[in-house]
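Next come two complexes, and both contain chain A; in the first it sits with chain B, in the second with chain C.
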Partner chain A sequence: MRLYLKYLSIHLKSQMQYKTSFLLTLLGQFWSSFAMFLGIYFMFSRFQSVEGYTYSQVLLCFAIVLMAFSLAECLVRGFDTFSVIISNGEFDRIMVRPRNEMFQVLASKVELSRLGRLIQATIILLYALPSSGIVWTFPKILTLILMVFGGIAVFSGLFVVYASLCFFTIEGLEFINIFTDGGREFGRYPFSIYGNNVLKFFTFIVPLALFQYYPFLYLIGKVTNPLYMLTPILCFFFLLPCYFLWRLGVSHYKSTGS
Partner chain B sequence: MIELKNINKTFKVARRNSGFSEAAKSFFRRDYELIQALKDITFTIKEGEMVGYIGPNGAGKSSTIKIMSGILTQDSGECIVNGRIPWKERISHVSEIGVVFGQRSQLWWDVPVIDSFELIKDIYKIPPKTYRVNLDELISLLNIGEVIKTPARQLSLGQRTRCEIAASLLHNPKILFLDEPTIGLDAVSKIAVREFIKTTNQRHNTTVILTTHDMQDIEALTERIILIGKGQILLDGALTELKKRYSDKKTITVEYTGNKFTLDEGMTCLEQLKGHAKFVLDTNILSVSKAISEISRQVEVLDISISGATAEEMVVSLYEEYKI
Partner chain C sequence: MKKYLSFFKIRFLNGLQYRTAAYAGVATQFAWGFMSLLMFSAFYKTKPEAFPMEFSQVSSYIWLQQAFLALYMVWFLETDIFLAISNGNIAYELCRPIDLYNMWYAKNLASRFSKAVLRCLPILLIAFFLPRPYGLSLPENTITLLAFLLSMSLGVLVVIGICMLIYIATFYTLSPMGVRIVAISFIDFFSGAVIPLPFLPDKTRIVLQLLPFASMQDIPFRVYCGHITGLDRVIGILLQLFWLVFLITLGKFFMKKALKKIVVQGG
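Right, the complex of A and B next:
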């Protein structure tokens, strides 16, 4: 952990070398997610509710997903840009350093400009928290926190899957972005509005709904069963197959050396 | 220290012809070709030895280094370094080796070099005292006291290479792998780097394995060379031994006035212009004194120089001899 902080301070120093670029990226990140917010805003200026969800409820959902995504992207960015690490041979360097490979990739990049999204998410969340009409009892607050952490877990897992596939293809596979960036886009609305099949897919295959849809139902009081509150915990199990895929990728790298 | 026994390694390489339709076709079905990168590589390197690992591009030098440093696993054969199997015990293995890839940087680009060193100290868990001692030694030997306060991206190649070498020696490695360390350096930096490698080897008894295309590196540093070509070890022996083998060949350069002279048996022409000639003399056929008297009989010699085989020429003739 101490070493991670050291890495972090190097990244901080590096990014401060390019102040203007940093600020512009930060702003860009902020405005690009602001466009998503506008999408929701205009939708609700036409319709009172979408599938029974109100404006501020959808905003709450959106803020949680965006927050989880931006935190995951900020911290796990090394895996997101892993195809670069592989193709420029930096992974060889990682292999000759006496630390866990996963840790080094994780620490190899910390993208602080992604905080632009996080700021956006925080603002929306601050707006949606009181206006959603939810009484914020302790279990509800816990649910909210679990949702964010579950979301970080799933998005991080997806980034790891993306990186692992680079071992086999060298080039990144853009289709994973359907689940990461796409997950963020779709995740603006509770997954049930896309129909049953989509919901099933996001429950059992790519468990985005486990931190978004089910606990969200509990949050807004559509269900009272406290089990719904705990579904984000299941998200952490998603990390296991991701981790094994990563191990498989590393051993593949060792035997091909590409 | 380092033991390689019958190492084999094959790579699968995708092949296709040029053209868009070929590219599209390869998207669905690729033709692979198996390339044997290493064939039956066997050698042993003792502690404190300096070994030059040479061979043309694509001969398998880097693959061997990668196997020894735990980045790659061999298909078959045995590789033991420091009593460990590199890829199996990667972390404990790599904490005892240092690797310099001449063409790739291990420094963080945007921060002063000293920050990179500090981070490396933590990555390798170097005790503060050892770090201080090593850093002071490296700074004075490599003359980088001022340089390390500058961000890596603003350094000249020579300065950066010296910092790279320092970075890979901070943790007192027992073995140092240098993959083309002097590539692209000017003459002064080259000599500085060579001197430094020599000193490190003598002071700390560090085993050094050096791959290079620069034969002066080899001549200045190593006593033993291993020649690899097309994945096979072709030659493994002392540099002096090898030189002896080629010592019956002398390169003679002559400046003269008059017409071109004819070469006798035993002289192989390298270049002959009007007034200037360079040739290789085989002393088994013709002695040096006879050759000189023969030339001066034909033309007026202005200047003449005779030199034994340089490492460069030896390698060229080795490559030719083994057809690689």
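Right, the complex of A and C next:
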């Protein structure tokens, strides 16, 4: 942990060397998710509600997903750019060091400009918290926190899957983007609006709905069963297969030799 | 002209190499289009009368957008142009007896074209066979089709005109990332890549549809699905033509200015 903080401060210092660039990137990240927000805003100014969800409820959902995504992206960015580590032979160096490989990849890159999204998510959350009409009792606050952490777990897991597949393909597979970027993009709306099959897929295969849809129902008071509150915890089990895939990848690793 | 054509050819053939990436892209874009349509259909079910166009038109719009993503999205920029500017390799390019603007333009056109050629057919085919109203419908008549092809080509040329301005802006800032991300996300929204422009409220929409960004993908797609016909269609295409000339003139002007005061950063 101390080593990780050390890495973090190095990254912070190096990124602060290019302040204008850093700020512009931050701004860019902010604006790009702001465009997503505008998308929601304009859709709702035309339609008012979607399948019974109101504007501020959807904003709440959007803020939670965006927050989880940006935190996950910020922390596990090393896995997102893992194809570079593989193809330039950097992974050989990682393997000979006396530390866990996963930890090193994790610490190899921390992109703080990604926080632009987090700022956006926080602002929207601050707006949506009071205006969604939810009475914020303790269990509901707990649900909210669980949702964010569950989300970080699922997105991180997906980034690890993405990196693990690089062991087999060398190149990154664009297909995973559907679940990471797509999860962020389409997770703006509760997954149920996409129909039953999509909901099932995002429950049992890629468990995005476990932190987004089910606890959200509890949050807005559509269900009162407290079990719904705890579904984000199941998200952490998603990390297990991701980890095994990673181990499989490492044992399968052949250096590209460059 | 001939030398730019050969730049085009080199880039085009080079782009065709990346087939696996293209197939992966096809799958991604197909899933993406599918999810977008499901989202729109949820809105449609909630309040069908608020829909600005017919659902089948929205489907065509979305599928065209996904199929021709490589042609119309600003973020398919050439990284080596940015690199050339920031690491000084641009000096070599300047030694050549060619017009830099035209060469970059040809390069961009070629790589977009090769990406799109590999990606568009499977998406268009599958989308075409999807059940109505979720599938891609054929244009009403041959005139619509011809108008679409014209408008589509103009659209691509406008897109590259805008990309050129982004490259040129890097001359002044030297750090491509920032300008790039800000510009891309602005343009994405204004061009209708986030939600199709007809879905915006009237006042915003009227302003946005006059801006050059609407000339990129919004006009061609609406021509295809028959959302604009007759006189509106002619006006739309003329508007595209206007922006194209404007952007290229602007680009050439700034390029000249930038090259006059260019400082190459060491070697």
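Rule of thumb we're sticking to: the second predicted complex is superposed on the first by the 253 of 258 C-alpha atoms of A that agree within 3 Å, B and C clash if a C-alpha of one lies under 4 Å from a C-alpha of the other, contacts with A are read in each partner's own complex, and residues count from 1 in each chain.
Methods note: a residue touches a chain if its C-beta (ideal position, glycine included) is under 8 Å from a C-beta of that chain, and two chains touch if they have at least 3 such contacts.
Keep in mind it's a predicted model, so treat the numbers as computed, not measured.
Q: Tell me which partner A:K200 touches in the superposition: chain B (first), chain C (second), both or neither.
A: neither
Q: Going by the contact rule stated at the top, is it chain B or chain C that touches a larger number of residues on chain A?
A: After superposing on chain A, more of chain A is contacted by C.
Q: Look at A:L38 in the shared chain and tell me whether it touches chain B only, chain C only, both, or neither; answer first, second, both or neither.
A: Only chain C; A:L38 stays clear of chain B.
Q: Have a look at where A:G182 lands relative to chain B and chain C in the superposition and call it first, second, both or neither.
A: second
Q: Should A:V96 be classified as contacting the first partner (chain B), the second (chain C), both, or neither?
A: first
Q: Figure out whether A:L24 sits in contact with chain B (first) or chain C (second), or with both, or with neither.
A: A:L24: touches chain C, not chain B.
Q: On the A-aligned overlay, A:R247 touches which partner chain: chain B = first, chain C = second, or both, or neither?
A: In the superposition, A:R247 contacts neither chain B nor chain C.
Q: Does the superposition put A:F47 against chain B (first), chain C (second), both, or neither?
A: So A:F47 only meets chain C here.
Q: Same chain A residues contacting chain B and chain C, which ones?
A: 18
Q: Write out the stretch or stretches of chain C touching chain A in their complex.
A: So the residues of chain C in touch with chain A come to 20-21, 24-25, 27-28, 31-32, 35, 38-39, 42-43, 45-47, 50, 52, 173, 175, 177-182, 184-186, 188-189, 194-195, 199-201, 204.
Q: Which residues of chain A touch chain C in the complex?
A: It is residues 18, 20-21, 23-25, 27-29, 31-32, 34-36, 38-39, 42-43, 45-51, 171, 173-175, 177-178, 182, 186, 189, 193-195, 198 of chain A that touch chain C.
Q: Which residues, counting only chain B, touch chain A once they are in their complex?
A: Listed in rising order, the residues are 11-12, 63, 66, 69-73, 75, 87, 90-92, 94-95, 97, 99, 101, 104, 106, 108-111, 115-116, 118-119, 122-125, 151.
Q: What part of chain A is in contact with chain B in the complex they form?
A: 2-3, 6-7, 10, 13-14, 17-18, 88-90, 92-93, 95-100, 254-258
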